[in-house]
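Chain IDs A, B and C follow the sequence of writing; residue 1 opens each chain.
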Amino acid sequence: MTRIISFLGQRLLFIVPQLFGILLVSFFLIKSIPGDPAVLMLGPMASTDAVVSLRTKLGLDHALPIQFWHFLVNLVHGDLGTSWQTTRPVLEDLLQRFPATLELVTLGLLGAIIIGVPLGVASAFDEKGILGRVAGVYGLTAGSLPDFWLALVLIFVFYTILQIVPAPLGRLDFAILPPPTISGFLIFDSIAAGDWAALGSALTHLCLPVLTLSLINAGPILKMTQSTMDRMLQSDFSRYEVLSGLPHRMVVRHALRNSLPSIVTIISVLYGYLLGGAVLVEIVFSWGGAGQYAVQGVLNSDIYPVLGFVLFSAIFSLIVYLIVDIVYVAIDPRIGR
Amino acid sequence: MDKQRLLRNGPSRMDEWMSTSSTVATPSWIGTALRIASARPSFAAGYIIVFVAVLAGALAPLVAPYNPIEADPSQFLQPPNRLHWLGTDAVGMDIFSRVLYGPRIDITIAVLGTMVSATVGCLVGAWVGYFSRAGNFRSRIAFLIMRLADVLQAFPVFVFAIALVASLGQSIQTVVFAIAFVNIPIYLRLMRSQVMAIREMRYVEASLVAGMSDMQTILRHVIPNAMGPALAQLSVNVGWSILLTAGLSFVGAGVRAPSPEWGSMIATGFQNVVTGEWWPSVFPGLALAITVFGFSLVGNSVEVFGDPVKIRRLIRDVTLRERTRAARRRA
Amino acid sequence: MLKLSDRVQATAASSDARPTFDIRGLTVEFPAITGVPTVAIRNLDLRIERGEIFGLVGESGAGKTTLARSLLRLPPEPGRIAGGELLFEGQDIMSLTEVELQRTRGRDISMIVPNPRSELNPLLTVGEQIANVAQVHLRVSRREARGLALDILRAVQIPDPERRMTAFPHEMSGGMAQRIVIAIALICSPKFIVSDDATSGLDVTVQAQILELLRRLAQDRGSAMLFITRDIGITAHFCDRVAVIYNGEIMELAGREDFFFRPAHPYTIMLMAAFSYNQSLRRLWARPEPLPGAKVHDSACPYTLRCPLAQERCRIDRPALREIAPGHYASCHFPVRR
């Protein structure tokens, strides 16, 4: 147990310089995007004096390293800066939008796991069978589909033609008031408030984007499950189990257990990736999530939303990887003891 | 003793009972390829798709019935018909012609980006892997490079790519650069882990003992033996880069409309899909999906050819098929 | 020594004449991309009598592992059993269904594998792995299976067996892991054990201990054993009958005394000479290795290229295994006699 703690301690030591590096790179990257926020904020008709005074107010007249230093000092005090597009503190914006993205991505990933892992196991179980063939084709196809295009096709089928889901505009119907925010996850909040209309609306709005993300991301999970299971079933120890006369089911079960570290890894990588990677789906469904917020920031020289988003998602990925490392220790006796 | 034997039997006699291969003639390259294709039709499909896509791009000016960026406002949003096989978009551009021109931009960007990232990533990765346990100044640089890769990989890929394109100005070159940049860590890591294993091999030691410099050893012995996984990654990576290119254009940070690029075509057709005109978005998306599918099939085949276990299974399947077919013919 | 051979003859005479394992015309092929398969085991006949320990010696590539695994109908990938019968207690292994086959493996016929540390599942404790086999084949409860596992760990003389039950394979030495694999092979008291190069990779002292243990346990349980090895010296101490395999065919087969005192096949003599201090003897019987890829024609004796006694006939006429003295077989036109 103490070893696990010292292992985690080592990991945490690396996180601080890593976060610093991420912020440094993104700060200078966004700053190098042409376009003066002061001019963009005031519009093209503003007088030079107004622009200059705004630049001073925003601290834009300082040299870049000093601006970065100011950002870091503010960060330590819990201030992530202000977005000139929404004119609100970035922290507030993110606290509102991050749960939206997280809810979407988590459900999408869960769906992907539910599709991917059993199919992968089934295809390793019976390579030449129907399920094996379906899994083989699916694994190849899913990775080739552009998610934003699949989202469009789903909208066309389920909204335009069948009309069984609401229009792809946000997380709730316009007519429905959002439940009081507790966690930011609409499903939890509406259940907590006992607001069944909001829950129903939230669920129907979640349907298509979650389905899109599940269908697409089941691909990599399926492939990883399939190839690792395949390798494990070909391995010396599986062959030895067969030679020892253990039943096929037991051999497959053991192979699955030995495959778990790889499967967990791909899931964690996908989770981290999807925070920013689901942005195209967010845009298609006007989700108003954190990814969309950051992309708007990049496209409009609005630096603080981008930095905030990068910081949030980096911390989130680090937490996920940390959990994964703990899971490894639990699964594999060779690690960390 | 051997000489006497030879004299006694004569060389012709030797030939008769000693042959380096079996009695059947060595099969031709094409013959082997065809036999593999019959056992793994998906491999053949992959190469054919990629070939057709590249051909479509190359011959687009000859084949396309319309100018891809010429709008005919009188012909807007026509469903697929005899004049416009895949219909027209909201400003009246012919979708079939635009889809044909697509590979020119998408495949070019993706292939260039992948090549650049693979070259840089593999060279740096080999260097880093070779020196990371050297315990001197160079190993410290290697350590720093890996931490930098960590930082770059901690970025959300898509936001990072958009930021790169935005800061360098929108053009095809910047998209290539952005794609190359976000892919470098993949090759860097693959190569590093391979090289770190190969570094311990005796033949590397032997090469150093024989007086070769570190650089000569890396180039002659280490890199050729470590290339396998990176090569298998290439084709899949091209497919993925095509998706990324299209995604960038979809949010307006890549190739600008009205250039005939699949992602931006899907984006411009977005509003029409919601109102029921599906063709401006669906056809470029299909072309995109099929092309990426082709590249991942090719990647699959490369992976199989590079893996002794998988190639053994392939050989078994090829021979089994032929045996059953021969048996059926006899029956 | 005398006692041992007496025992063999006694068992052969007393019980019914049916051998424990009777291999008839076994052929195993490996498909090649050229279309002409490589034959790893060619039309091989072998009878393993009840309770005997049968030694099979061969160099690497001779087909030892292929033969061992084919007896359990699981030849190495992508090999295929192309023909022959594998009669175990009169029942043909080739005709069993998958389920029957699974029940036979590990319970009636078990296998001892080489390099056991990579053959054991790295994520399960050795106790679990032994108990699994017992639970599946003996249909006992989990608790009883654990008890049996503990007993067998004691029997293979593992120190502190209670603690070893919860150890993982990576925590064991090679010799320890080899004992675990032997324990798994013996826990169901099988009628037939195939040992494939079980003691390669072990220190010589450990090797001797493990062989002694293996012989005693096999005899206690009345199991017959096919002991496959590349070390001809081991068979001299350990086996009742010995055969030499080369290129997938039996070259010579005899009782231990005959085999070591009156070897007849040039290949056997070469193998023995290789252990000798006598340089000239070695030089006399060994010839330079043929070039890689050099193959003899199907109608020639497979050993021609390396045989110092090869003559015209050897290149045209492939010799068959024939009895050159009672119980002594050789596959050679010109066996050495003295």
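Throughout what follows, contacts are C-beta pairs under 8 Å (C-beta built on N, C-alpha and C of every residue); 3 or more make two chains touch, one makes a residue touch a chain.
From a predicted model like this one, the values you see are computed outputs, not experimental measurements.
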**Item:** Touching chain A and also chain B, the following chains
**Value:** C
**Prompt:** Of the chains present, which has its C-alpha mean closest to the combined C-alpha mean?
**Reply:** B
**Prompt:** Among the chains, which one keeps its Cα centre farthest from the Cα centre of chain A?
**Reply:** C
**Request:** Could you give the separation in Å between the centres of chain A and chain B, each centre being the mean of its C-alpha atoms?
**Result:** 26
**Request:** With chain centres taken as the means of their Cα atoms, state the distance from chain B to chain C in Å.
**Result:** 47
**Fill in**
Cα centre of chain A to Cα centre of chain C, whole Å, reads 56
**Message:** By the touch rule stated above, which residues of chain B touch at least two different other chains?
**Reply:** 309
**Complete:** Residue ranges of chain A touching at least 2 other chains are 234
**Fill in**
Among all residues of chain C, those touching at least two other chains are 77
**Item:** Residues of chain C that touch chain B when the two form their complex
**Value:** 31-37, 77-78, 80, 287-288, 293-297, 299-300, 304-305, 315-316
**Request:** Using the touch definition up top, name the residues of chain B that touch chain A in the complex.
**Result:** 42, 147-148, 150-152, 154-160, 162-164, 166-167, 169, 239-240, 243, 246-247, 250-253, 263, 266, 270, 273-276, 278, 281-282, 285, 288-290, 292-293, 296-297, 300, 309
**Asked** Inside the complex, what are the residues of chain B that reach chain C?
**Response** 1-2, 16-24, 26-27, 32, 35, 309, 312-313, 315-316, 318-320, 322
**Message:** Which stretch or stretches of chain A touch chain B in the complex?
**Reply:** 17-18, 21-22, 25-26, 29-30, 32-34, 140-141, 143-146, 148-149, 152-153, 155-156, 159-161, 167-168, 234, 273, 275-277, 279-280, 283-284, 291, 294-295, 298-299, 306, 309-310, 313-314, 317-318
**Message:** Under the definition above, what is the set of chain C residues touching chain A in their complex?
**Reply:** 69, 72, 74, 77, 98, 102-107, 110-111, 113, 115, 118-124, 132-133, 136-137, 168, 170, 184
